[in-house]
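The data blocks that follow each hold one structure.
Two complexes are shown next, each including subunit A; its partner changes from subunit B in the first to subunit C in the second.
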Partner chain A sequence: MSKHKFTRACAALALTLVAGSSLAAEKKLTVGVADALTGGGAVYGLPQANAVKMAAEEINAAGGIKVGPDIYKIDVIAYDDKANPTEATNAVRKLIDRDGVKYILGFCCSGSTSAVASFIGNEKAVMLVGNAAERSITTKKIPNLVRTRPPADYTGQAAGTFIARKGQKRIAVLGALDVGFYAQYVDSVEREIKKVGGEIIAREVFSLKDRDMTPQLTKIRGLNPDAILVVGYVEPAAFVYRQAVELGMNIPRYGFTSGSEEQFLRVTTSEQMEGVWDLRPTELTLLSASKNGIAYHANYTKKYNASPSPSSPYAYDQLYALKAAIEAAGTVDNTEAVAKALRNLAVPPQVVMQYQPVDGKMFDVNGQAYTSNGAFQWQKGKWVFVEDLPSDSKAYSQFLSTLK
Partner chain B sequence: MNRILPLLPWLLALALLAVLPQVLTVKYYLHLSILALIWVIVAQGQNLIQGFTGYVSIVQAGFMGIGAYGSTLMGLNFQWPLWATMIMAPLITALFALATGYPSLRVKGHYFAIVTLAFNLIIVIVLVNYSELTKGEAGISNIPKPWGGNREAFYYLALVLAASLTLLAALIARSRVGEILLAIRQNEDLVAALGIAAWKYKLFAFVISAMYAGLGGALYAHFQGFINPEIFGVAQSLDAILAVILGGSGTIAGPAIGAFLVVFLPEFLRFADSFRLILYGLILVLATIFMPIGIVGIIKAAFARIARREVRHGG
Partner chain C sequence: MLIEILQQTINGLAIGGVYVLIALGLTTVFGILGIAHFAHGSISMFGGYLTYFLVTAQGLPVLAAIPVALAAGILLGLLVEILAYRPVRNANHINAFIVALGLTMMVEGINLQLFGHEQVVIPTGLSRVFRLGGITVPELRLYVIVAAIVLVVAMMIFVERTKTGQAIRAVAENRDAAILMGVNVRTIPLIVFGMSTALGVAAGIMVGALFAIAPGIGEGLVVKGFAVLILGGLGSFPGAILGGTVLGITESIAAGFISSAYKDVIAFVVMILVLLIRPQGLLGRAP
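Entry: the complex of A and B
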């Protein structure tokens, strides 16, 4: 080879390498978010969308997703589904058909999530569900769907054991019982308190848009219960807590709401909330025990100038789980391989929630993840983590596998 | 030639819609077009009672729900073929409409609207609470889809049905029944004074309107593959009313145009992010205030103005 030819060959090689590396550096992976950004579900959906965007920025800043020799930077497109099934279908169709998105995150609310889950199995896409707690979402064995939040009845069982241990026998329930997963939570509580001779003496209903719950509370007060259990979205639940105090009901108040301090204080005062229990998955609190949780809370608050809702890390964790699965599968294009990798994933170290792996894996065979459950109590303006609630993720996973 | 001329826009629209799946490269728009065609059926039904008869019914989405759940449950529980359940859906809805229409149509104006609104609320409450049958708020998934979920084929099914039912609405409007419905809208007392049993015609319009909605609901269920009560709430009934008002109440083309608007407009406004619904609401308010005769009404008025000007110049 002549000197000239050699120089030219070297230059060409160098150019190819430079061009190649610069192309690799500029690869982009677009992930979609379909969530309730407006309307009643936005208290859960908007923080979830924010959490995914924040996780994407963190991952990009840390070097992106490594797939073989390529590095992918994450781009997030978020669409509002108003927690409505038709809107959710439209949003996801837009993400898949028009935007060419293969990975869809978010999904705070059960109705809209179930609508998308009904067709996602036929798509070359992977769906990661967050806060939506309806059990049936992960009973259909959809191979390309996983969920970070445990079903409501898994938590209800633990909550029932806790209430039974506290010694209250006659429990009055007030909640959004026409919403399937809230009813499932209450059924699980009832099963547990019945074991110690307790009973649910009233099941009063409010709708998610109701704000005056004094008629139901007055009726409940007349039944002289030992405690009340409130299940529902944050705002109506906050009104119940407030109005119970206003009606002079000085009895223990248990709940299943997952609202942040900020969200409750928009409706009620800290004094009116004092002593309220929230029996829920061990989600984020201001005094979160985990290092990741504290960092997440600080970063989110700095970025969005508002505290994150306790359930928002379900979506944050989705993106880290997806990153780990893509890196394990070694592909962004083969969604089947990524979905499979998700099912075999150990809990990534960056996640915020405290997951209870089943057989060492973050998601069980149903695509379901389990967090520990906890008893949180409102003390002097803050949700304080008091204790873990006994939860058997493996036993529940086996039970879930038996359902259709 | 004069007879063909009014049909020309219809034929053009039909030809355009027929080739649409072949020219659309992004299937998301096909998805929206199918939803819009389903809404054409629902809105044409709404127009019969609202536009022609002058009775604003707020139960159209509730009737959609009866059709959707009727077709789905018959298929799942009795293993009836999909086509049979889709044919049965409007008939079941008609039975409900007969039972609810008879008492509802004894009242007029706002009272009728409120009674039908209450019926819609009752339908949703039953769908939510009778969960042994309807699976409540969690909804029913994996509803069978014709042709294995082939969207293009479903589009043509929806197009044929929407076109046929639009034609049927036009035939009803031009018939003696249609004339009596219009007369009821103008002056119901006068119709009664002529010895015509107005209630029979109102009930006819109400039941046919419900049948349209029932078929629309069944189509929706077998297209989306998922239903829950939320889809059939009062908000969706208001969308049916809006489709009629925006397009042009009491016209045949109006509900078809309005149906496409209520499906496509919120989707096109997604760029506005969380301001989308505010913007959508604003557009609707402005359209209702400044275009009370709807798009078709405005077009007709514009053509009439041009024609008058030509006559004046000619004269």
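Entry: the complex of A and C
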């Protein structure tokens, strides 16, 4: 090859490379996860962080996020907020200030999430909240915040209707009632059972770290309730179910916990759980799951060698919603445009949870998504989806809009 | 009402038994060596985790895993004495205090690294419930209460009736006089730490079987243990036994009859009230 020809070949090659790169430059988009990876909240937070990582791998394998001529591959940084407000604030500050992250996902627990929500409105970042159910997170009209899980009282209303229909009038509550969203759930239940002449005869409390609930249960047993309602994190709730049986309490047990079979069976036996109801967002239970849900369960189990917690898809869905919003906005840098696109988003086809869109959109004007609610019962070692709990997402959305 | 009081008393006895064992371990070390052994709770949790590991990962029956965990606990206690506390024994008290704090963090870290961050419950297979009148006693709680009584009695016999026990008491009363009487004071701290850690490990196993073991639980236990020490009287074995039992039952009755929201607070209020009347604790000696 002559020197002239060689130069021309090199020039042509360079031109091809430059042209190619301008057509589809592969870039990196780092998303952050702030969640409880250790401590009491880790039963919800760790599966959420795993779910985001899995979604990122799937999206990357399917070609990444397409923004104009660019393709973004997702990189995930996850920090442990221990479900603690101070730790969560530090984790998010680190993500924004040091790592330059603009999109932050995860957020399983209400206290830590509320702390971050209090300042995220001032940041050029988008916050996608998962399992945290405290209502006020989406009443503050924060434009760059959306949440995939419905507020607790949205579910509580449906749960109250279900309990009222079952005919039990005197309900004793035992739960983490010092946590706002659990109290809101119970208030909603109370409103519904009062309509049929029922009442809540006791409101006993346990804390996140409590494992001995026999004193409270003994007191409740003395009141002869028709049923018991347990609201709280999986681990203390599992002890309540176990200790209620040990105290010979043979009454219906309702709950609001969202724990997987595996999580409950670490504490109780299947016999001790038999007949327990969980009245919660439909979430991920194989019997109620869509095709996406079944695939998610299989992929998660294969990847992490453990079943996903029912609430973990809230975080998985966050990343698919974010991908769709970024592609719709046509930018990764303009967080305002992405936040706006999130609020105008139809439910992406890849999501796992069964969302009930409001006016055709996944998130309402408050940034709130709604899933269906369901009644699940523990039968022979597993949660069985028994029925849908009627829920009106549009009416609740209007109610939410009236709150400050 | 009577049935509820009796039921709450039985509920409180099981957790009270755990407090007694923790407090006895702490009071032995504090009374004889003057060390506030904050790492005691974390070491207890190590024992519980180890039992869980032996049962679930190694397939040992619980009754076989417990002696192994107790032996490992005693060994750990000896190492703690030799490596951590012995070098600062003759130094200022603040040195032992700092070592105790550092040791707590270290053992917590080791637990986290070895056993992970998840809550674990030691599977025992004991799920029967005994009923007597209106009172119910789960099989596991009954065994915990019995085991705590057996351990306390064994320890009291050891301390009161054996020569080594007499030597321990002699060192606690007057170290210099004990040396003059020919007591080998170099071995006493080793025995004390071995004994204290064995009691702590037993308490950790009970907590793991009755409730759960998780990071941070050891810290809560050691706080309760020190509360029992103060309630019962610093350095007093009978005081620790009485104090632990009173605290366990008070917590249970307070949760049942006053408010579960303030269970811990009420127990500590009772402790303060006792101290206002008897500043030396229930069975402590007046200075």
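Note that in this section the second predicted complex is superposed on the first by the 379 of 404 C-alpha atoms of A that agree within 3 Å, B and C clash if a C-alpha of one lies under 4 Å from a C-alpha of the other, contacts with A are read in each partner's own complex, and residues count from 1 in each chain.
In this text, contacts are C-beta pairs under 8 Å (C-beta built on N, C-alpha and C of every residue); 3 or more make two chains touch, one makes a residue touch a chain.
Owing to the predicted nature of the structure, the values given are computational and were not obtained by experimental measurement.
Student: First (subunit B), second (subunit C), both or neither: which does A:38 touch?
Tutor: both
Student: Thinking of the overlay built on chain A, is A:266 touched by subunit B (first), by subunit C (second), by both, or by neither?
Tutor: Touch partner of A:266: subunit C, not subunit B.
Student: Touching A:387 in the superposition: subunit B (first), subunit C (second), both, neither?
Tutor: So A:387 meets neither subunit B nor subunit C here.
Student: Would you sort A:122 into first (subunit B), second (subunit C), both or neither based on which partner it touches?
Tutor: In the superposition, A:122 touches subunit B alone.
Student: Which partner does A:246 reach: the first (subunit B), the second (subunit C), both, or neither?
Tutor: Second partner only, subunit C.
Student: Considering only touches as defined above, state whether A:98 meets subunit B (first), subunit C (second), both or neither.
Tutor: Once the two structures are laid over each other on A, A:98 reaches subunit B alone.
Student: With both complexes superposed on chain A, which partner does A:211 reach: first (subunit B), second (subunit C), both or neither?
Tutor: The answer is second: A:211 touches subunit C but not subunit B.
Student: Given the touch rule stated above, what does A:178 touch, subunit B (first), subunit C (second), both, or neither?
Tutor: Both partners, subunit B and subunit C.
Student: Examine A:235 and indicate which partner it touches, taking first as subunit B and second as subunit C; both and neither are also allowed.
Tutor: second
Student: Subunit A residues touched by both subunit B and subunit C?
Tutor: Residues common to the subunit A contacts of subunit C and of subunit B are 37-39, 178, listed in rising order.
Student: In their shared complex, at which residues does subunit B touch subunit A?
Tutor: Those in contact with subunit A are residues 26-29, 31-32, 35, 128-129, 131, 135-139, 141-143, 149, 224-228, 230-231, 266-267, 270, 273-274, 276-277.
Student: For subunit C, which residues are in contact with subunit A within the complex?
Tutor: Against subunit A, the touching part of subunit C is residues 3-4, 7-8, 11-12, 15, 117-121, 127, 129, 131, 136, 138, 141, 210-212, 214-217, 220, 251-257, 259-261, 263.
Student: Give the list of subunit A residues in touch with subunit B in this complex.
Tutor: 37-39, 79-80, 82, 84-87, 89-91, 93-94, 96-98, 110-111, 114-115, 117-119, 122, 134, 136, 140, 178-181, 183
Student: Using the touch definition up top, name the residues of subunit A that touch subunit C in the complex.
Tutor: 37-40, 42, 177-178, 204-206, 209, 211-212, 214-216, 218-219, 221-222, 235, 239, 245-248, 266-267, 269, 271-272
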